[in-house]
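One chain, chain A, links the two complexes that follow: it is found with chain B in the first and with chain C in the second.
On to the complex of A and B.
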């Protein structure tokens, strides 16, 4: 192998660092996908798959992607929750791969909540966004 | 660049490897493939996390969930529950003590809270077989800084100012050692850097863990040392009994060479440096610097008188800078963060941290790194988690066969080089063995002397003959044949060996005896005068006795006794014939009423 130049070494360091940040904590969004039995049955796996692909394709090295158990509103699965660095969260319901792509583009990259995929609460009842 | 949503870290240190982590890794990879997760979840084999007692250890990120004692049959559940559904497998999560809440994250463990990791910063964090990971954790930045912006003398001045002292045992200031080697001259101008990885103290594995968990740190550090002292060739002398360390170091050296981090004209600075591994064949004395150098030269591993010191005439009669693994492991951080930063950690005369291998009667057997000045009490009770089975602390032994015992009255001693020497123990390379009320101090002294006697190279008479005579006296005492004046004879022999032995092995061999006599003289006296072993360890001094008042006369003990030493009539107290008794203890175990005692 050819000897690496200093610049090349710096590049390796930078790239690998962002990859490893998983172990040291990141500063950006934290995306959590509900992956309990209900989530998986409702199609959470393709959503997770899409999120991984999109995050990787767009080099969103600051984003943490994690899975979680049942959140309790199984009928709204697949659920995806996005935490901002301050810990505030937005819950997206009835997700699918197409919606996941839009979530990445608008929310994670554009810092804009995709309101149409969130829940709406009227008189204390969660209104299903699909029927809405 | 690949994006993984989760990383599973498995410990590949010697401790966890022997409890089966290699097989776990294979099974985990198979399971991931089965669930089509291999592109989502990365498996990373790392160096020692330090909690060897709980191995094999598995950590899952980004949550940082800490699983202990993971078995092959657990992997399927880990994958299906944690990795697919995101539910930590509670029963495998490590909990501190009974009834405690399970601890989900590594940093919450009491074991890690009091620690300060400088030497071990990357151990258990990076994959030691991937140079890119080391680079990502600021690896080789110190080397770049040194070669690009510093003169050799500046490097030496930085190491001096940091206050770093040799971690192999003696505690000699590292900067001074480098200065002497830098100043030394020889006809052809050749000098060497040697890393001493011949870790031989029973129970010590600090250096092994660094080499296994972070081998690039040693390569970077030795290259820096080479630049500072003017050497172009380095040797790592490592025991052949450390196969994983040897393998990972070999991989690391090849990677560094491929990247041009060692070899010719490093970073276009004009500086050349290369490294070679030499294997030791397991002689304890080869950890002594002059014996080690003889061994590298292919000669018999025997020490020689000093001076001349290796800094002036060392390997192949050339000026040689020889340091221990842990000493080297401090260098890159000192260069990167500065001497003042390093000097701010620790006590006035002992700077930085020290790695200890904690063992013996302690709950958290493992590897820990503490700032100098931490008390023994904090190590034993907070980091070590106390003594198992509610037993009472008796003493801690530091420095292995060269060190001494610290009694309970000194639990609040702040650990640093000078305090330990002052109480008759020593820092040594970092073995720390905890003993409880069931340990006999005479037997402990006998054990260590047996070791040094066995490992004595035989070159100088004080060590060869003197330790043999001491061992004979100790064995006599343990056998119940001790005589008046034995303690004084031991002390006299010890002092003359300390003064006249050729090398460190002999000079320090009497230390375990002297320090146990100093703090536990009453135990020696009980052995000699009363022919009694207070801790109940020395077999020849034990007497078994049936309490005639409480014995129910069931006769079970007589039936279990393999030597037919117990006799009696049913419903009447039984009696042990101490002449026939072989002190096996079968009767104590058999007695349903607990009326048989040993003492």
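On to the complex of A and C.
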């Protein structure tokens, strides 16, 4: 890597320490993106990029990002799961960068679930958002 | 998959599931020889001989959530449809190496696509595993290593997953690859 890039990294490091302690504090939302073959082929990577950028741009220091394998509903990929601090989960389906932006704004920042993008399970059957 | 970089991301997810602690990705673009080579090597748990012989069969997978495994099959098809070859070698408790070659200017060769996004997404999935990514373009080479980054940032668990760091990685890889292709 070039010296210029590494210098930037040194600078980031200087300002960083306290924020990392915050993020591992498990007080905020945990956002998980499905990143198996099905998710990747359906467009999970740009969704992940948008989430990274929006979380950083809005200084959401207590939100953690992660990814997971195949959840089993490949036809609804890209999938994003949002866990609240109590471990309660909301599953968003057919995501794209635009929807991801709305998720960050309304759910992660406004604590309001974007119901129109979510999936529900009733009697063990997945209810698609289009049917809902 | 629309981009070869998406295949690379996908194959490395296998490495992580195999418990790898180091993943090496090599991309070698040789325009003069009209050849592109992609290699992914890990030190994960490996694949047994019986399974390896049938690994690119889409109906073979180690997962339990569904019965198909398309990752390697799709990557193999991507190589072969563009006049290239695919190979996989593995040894139990040593690791696995996947290699694909492509005819560079073949009309059916998918574009490499956004490697920077692939690297960032990989790192986010890697937990404590390390990545060495070597990208060669004709005679020039760029090497990216999470070991080098951890030397600067320290080894705090999860430090590479900080959005600020991920954004720096994306910017750095994008710039370095652009420089590589210039001239």
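A few notes on this one:
Note that the second predicted complex is superposed on the first by the 99 of 132 C-alpha atoms of A that agree within 3 Å, B and C clash if a C-alpha of one lies under 4 Å from a C-alpha of the other, contacts with A are read in each partner's own complex, and residues count from 1 in each chain.
The rule is short, and it goes like this: a residue touches a chain if its C-beta (ideal position, glycine included) is under 8 Å from a C-beta of that chain, and two chains touch if they have at least 3 such contacts.
Note that the structure is a prediction, hence the values are computed from the model and not measured.
In the superposition on chain A, A:86 contacts neither chain B nor chain C. When the two complexes are overlaid on their common chain A, residue A:74 makes contact with chain C while staying clear of chain B. In the superposition on chain A, A:3 makes contact with chain B only, not with chain C.
Look at A:56: by the touch rule set out above, it reaches both chain B and chain C. Touch criterion met: A:66 reaches chain B and chain C at once. By the touch criterion stated above, A:41 is placed in contact with chain C alone, chain B being left untouched. Using the contact criterion defined above for the overlaid structures, shared-chain residue A:16 touches chain B and also reaches chain C. The interface of chain A with chain B overlaps its interface with chain C at residues 1, 6, 9, 12-13, 16, 19-20, 23, 35-37, 40, 48-49, 52, 55-56, 64-67, 69.
On the chain B side of its complex with chain A, the touching residues are 1-7, 9, 39-40, 61-64, 83-87, 125-126, 132-133, 135-140, 144, 258-261, 263, 267. Chain C contributes residues 1, 6, 9-10, 13, 17, 63, 65-66, 69-71, 74, 114, 117-118, 120-121, 124-125, 142-145, 148-149, 152-154, 156-159, 161-168, 170, 172, 175-176 to its touches with chain A in the complex.
Interface residues of chain A, counted against chain B in their complex, comprise 1, 3-4, 6, 9, 12-13, 15-20, 22-23, 25, 35-37, 40, 48-49, 52, 55-56, 59, 61, 64-69. Considering their complex, residues 1-2, 5-6, 8-10, 12-13, 16, 19-20, 23-24, 35-38, 40-41, 45-46, 48-49, 52-53, 55-56, 64-67, 69-72, 74 of chain A touch chain C.
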